[in-house]
Amino acid sequence: MVRVEINGLRKKFPDGTSIGPIDLSLEDGEMVTLLGPSGSGKTTTLRMVAGFIRPDGGSLLFDKTDVTGVPPRERKIGMVVQSVALFPNMSVFQNISFALDVAGWEHEASVTRVEELSEMLSIKNLLNRRIDEISGGEGQRVALARALALDPELLLLDEPFSALDPQLRRHLQGEIRELQQKLGITTIYVTHSQSEAFAISDRIAVLNEGTIVQTGTPNELYENPENEFVAKFIGGGSILRGKVVGESRGLLEIGIGNATINAEGTIAVGKNVTLSVKPEDITISESTRIGVQASVVSVTPQVGHYRIMLDIQGQLVAADIPNQDGMKYTPGNEVLLEISSTGVDVIEER
Amino acid sequence: MSGHAYPRRKDPKKLIAAVAVIVVIVIATYGIVTWKQPTFTVYTYDSFMLWGNDPDNIDNTVFGAFEDQYGVEVRIERLITDANGIISRLVAESENPVADVVIGIDNILILQTLAKSVLEQYTPSNIDLIDDSIVSALDSDHYVSPFDFGLITVIYKLAEINVTSHPQLENLTLPNLADLSSYLVTENPHFSSPGLSFLLSQIAVYEKLMEEDWTQWWSDVKGIIDVQEGWTEAWTKWDSDPTRHLLVSYGTDPAYGASFSGGVPDTAIAPIHYDGVDYAWMQVEGIGLVKNGPNPTLARAFIDYCLTSAVQSHIALNQWMFPANSDVEFDPVFQYALHPDDVSLLNALLSSTEIATNLETWLDEYDAIMTG
Amino acid sequence: MNRNRLVEYAILSIPFVLLFVFLVLPVASVLFQGLVYGPGSTFFEVLDSVVTQRVVSFTFIQAIMSTILALLLGLPGAILFAKLRFKGKRYIRALLIVPFVLPPIVVVVGFLQMFGSGGIIDSLLMLIMGSQHSIIDFASGYVGIILAHAFYNIPLFLLIVSSALERLNPEIEEVAEILGATALQRFRRIILPHIRSAILAASILTFLFCFMSFPIVLALGEGSYMTIEVQIWNAFRFFDYGEASSLALIQILITLVLAYTYMKLGKDDKGASGPTAYSKTFPLSSLDASMKILAGVYLLLILLLSIGPMISIVRAAVWDPKTSLFSLEGFANLGDPTLGGGFVPLVNSLFYGSLATLFSLILGTIFAYTQRSRIRGLPSLTSMMVLLPLGVSAITLAYGLMITIAVPLGLSSNPWPLIVIAQTLIGVPFSARAIEIAMSKVDPALIEQADSLGASTLQRLFFVELPLIAPGLLVGAVFSFAMAIGEMSATIFLATPENFTLAITIYRDLAVRKFIEAGAASLLLVAICIIAFIVIEKFSENGYGGTL
């Protein structure tokens, strides 16, 4: 397969938005996810890699060859997009065999290849169907088969499953990861869903406002977010603003209004800071005296726990409380919180 | 599963090549089949000599003797236009003329400088076959020589209207005609020689006989009269519209009708009348030598031939005009036609210089009235 | 890769080069000579003339009114045709094209017999009202001109708009319905934005068509109305090349301004249509009673409009007014291979028409690409060039082709290649518009998929784009063919008898009162038109079902 190097790709659109510079490299056979909210530039980045958008600057190397000026059709890529974009004028078979036919394969050879692929993706029974006769999930498999037909060196997946229901989506995520590892194909996956990114990626590049803000394995990102955005987006951690008010027993004391939170770190007293607190690191204290004062804003049941939104001195924090405890609270309750000091990330504001 | 179950794709390059090959072959075949050897060419208008019993063989009948005598094929190119259109074509072709002779340029068109510019003056050796009066009525400078002539007049459908129902048809003055203009179809003077002849007739009568402003007549009939593009359109409208009974046409029309129905005509003639005299405009159609044509010697011989009775005797029944050659006798059916002897010619009232000088102004004034 | 780019640029430049050589250059040389050397009036004399001013304003107003009327009459039909299934739909569609292929003189007679005083409608009214006198006359004067223009151009709206509607994703409309949108809201919010570009295209084509109108105005205007085109012919016939050129220049300038406005209007059009799909159709019986009556009345009216002229044509083909007998002589004449017969013109019509259709589809397809090109100014240039053939006076073009190409090359004695060129040019505005609209409705994701899967431009075109734009191609082909086979003005000026087409022969035969021959030829033209329509439709269905 191929090693991909994205060096400082950038693009400015007429409406003023700009993307980049983007720097990212993919090892041969690696699956990297571009994760970010909508509008963060992940699809644009993918389309620059595919060649549909001509970058204003920077370079794109496949195995050290500069492909920046190479048209998409010569890049040996496979691409699956959310809308599937199957050719409505062709049968399933003709969709899958498209790349083979345009590459000049003999008919018999492409029949063998299409049947092999369709077996792998369990869609062999669909080959003679028309496109409007298959379901959404089948459509994604066909699109995947079509993208893989000619053994592309790079697979680009742009939110391929976001239109599907969650169960089917999870199922296909697993399948695609398996397939990707089996084929060892270098893959860029675009999604706005953190859970999807975590489920299938070797590494994740988090994008915000047109640039990559952090790249790393899912664990690295989760454990050590380098900035507020990553912390929030990856960990789902709540962001609080405060001021270092003191130091005791090696821990910083950070004042948030009248409340105080302890955290690890070495920041001078008096500095303004941003805190990132992960929901699972907050517990509601059984004691009635020690802890950070907060009031319950909302209680939402989730799988295995309750997501409780809390108000600390006017700032919102999310906490995940296990089932048996969570159901005790209703909005308006005044509670005390215990926040584990190791679970708090502190960043000095500039 | 068998591979044959799946459709195959065709290579677009092969498809394009196949289409291209077919197209080239078809074009080449058509080009070769329709390839034209240069021959002796006569330009004329669409309906030239096609009004007889056997229009398909008329060229052979009329010009066969000339072809045999000179060992040349004569191609009569009937262009779908009138003489004005032919002059335009000759002007366009003047760098590299195709035609040798042109037939159909009439006594008004020849007054145009541009018409003269594409013709070469030639006086046929047998010009004495034709009355001097006809020759000078057409063109005394001999750019064209008379081929045939006819009278422009008003005709009407006898089934719809007659002298009993409308006594004014008996002595139809132009003011009478204005009263009847809701029945009248005429031709656009810009697009048709009968139409222009009618306009000149009307101008001649008003300006020279009645000594009144000619434009008044058109102001009176504007919006009531039906002016069609050309003679064909006018005739079609007149024929198919049950409210239109009168048509500006040729004085031989009833004779033509009688000849083809085999009985008496279903149309009658109402010449323009003024002060006890019937009037009509005479249109003389000429034959001329194309300047720098490919076969000038042959062309001169052809013009001479066209003035002989070999050609002239066919004009009456195939062209429904009067032959220029006065020796030719007419078929009895011509008793229904308006004869030049029956009327006083309006041409005499407007000199060629007067027409040449004023034609553009008259037409502009006509436009201003009609679009106003 | 560089070489491929070069080839692509070369192909993209083909239509521009051809239009430059065969349209811009001939017309420019006529205008230049006329304006500079005359003979005749100068540009300022022409502008100053009160007749010119009247003519220009009449030309404008009648064209606007005709376009509005054609839009009002055509739009319901377009929706009906796109949404309803009923027997004989394709035949009605084919019949509607017929006026384009017949010589105006034939259409006008049909129109008179339907709408004129003493015509079919008038006679019916007289019978109902018990009146002795003619009650209506819709076939003369201002009213007649506008009605006839609308009648001519309804098919443009019907076909162009309904082919766009057929591509409206039914899901969008269904969603809107679920969300509680009323029929009117759905029309305004969903359908109208979707067909906006098609309506614009049909409107500009109709406008130009009426703007350039010549025989209809002369036939129905009874001498009191002139368009700029009529005045150009007037001037040209009396060798006032100065006036003719001045007026032609005015025409071209107006056309260019229109083309520019159209382009600007079209730019706002996002053409959001969702994924490429087919619209759903419903049988006539699924409508509720009041809608059924409305649809029925409309269809009846359309049928009347399209069948009216047909009745007179069928009658004229077999009934000889000269002998008052029924006869098949007219059809026998069509097999006559001599110059006076109908066989050569038949072959010519089919040959020129097919070639012109093929060429204008090819040019139209390339233009659809340059229209979307990222090269600066190219889309604007395309918009102008595409509409130009409709805005150039036919006589100016024919005369220009004659003096700049035919005469120097010695082609003027048998100028059939120029006839094909003129017929191609007149079809380009229709094919280019139809194809471009269809292309803009193709989901760009499909194009990108084809690219990412390694398809060359040619493979993408043949396997993906052409099958997807088949309905647009069909409309383009039908109109190009109809325009070509019915082209009279330029063909008449250029043709020698060997090059006559059926339309010209009909005119020639009528001129010498060979009625039955003209009738049979008219009927044959109608038949050719219908057959061509159905063959092209079949082709495009197959194209879509398979992969071409």
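Points to keep in mind about this one:
Note that the chains are named A, B and C in the order they appear, and that numbering of residues resets to 1 at the start of each chain.
As a working rule, contacts are C-beta pairs under 8 Å (C-beta built on N, C-alpha and C of every residue); 3 or more make two chains touch, one makes a residue touch a chain.
This structure is a prediction, so every number in the text was calculated from the model and none was measured.
When you average the Cα atoms of each chain and compare centres, the chain farthest from chain A turns out to be B.
The most central chain, judged by the distance from its Cα centroid to the centroid of all protein Cα atoms shown, is C.
The chain pair with more C-beta contacts between its two chains, of B-C and A-B, is B-C. Chain centres here are Cα averages; for chain A and chain C they lie 54 Å apart.
Between chain B and chain C the centroid-to-centroid distance comes to 32 Å (mean Cα coordinates, whole Å).
Chain A and chain B have Cα centroids separated by 85 Å. Within chain C, contacts with two or more other chains are made by residues 459, 463, 547.
The residues of chain A that reach two or more other chains are 94, 101, listed in rising order. Looking at chain B, one finds that residues 7, 9 touch two or more other chains.
The touching residues of chain A, counted against chain C in their complex, run 50-52, 69-79, 81, 83, 85, 87-90, 94, 98-99, 101-103, 132, 146-147, 149-150, 156.
Only residues 1, 3, 5-9 of chain B touch chain A when the two sit together in their complex.
Listing the residues of chain C that touch chain A in their complex gives 1, 275-277, 443, 445-446, 448-456, 459, 463-464, 467-468, 544-545, 547. Within the complex, the chain B residues that touch chain C are 7, 9-10, 12-13, 15-16, 19, 23, 26-27, 30, 34-36, 38, 41, 46-47, 50-51, 55-56, 77-81, 84-85, 87-89, 91-93, 95-96, 98, 112-115, 186, 188, 190-191, 222-223, 225-229, 231-233, 236-237, 240-243, 260-261, 359-360, 363-364, 367-368, 370-372. Contact residues on chain A toward chain B in their complex (touch as defined above): 91, 93-94, 97, 101, 107-108, 111-112, 114-115, 124, 127-128.
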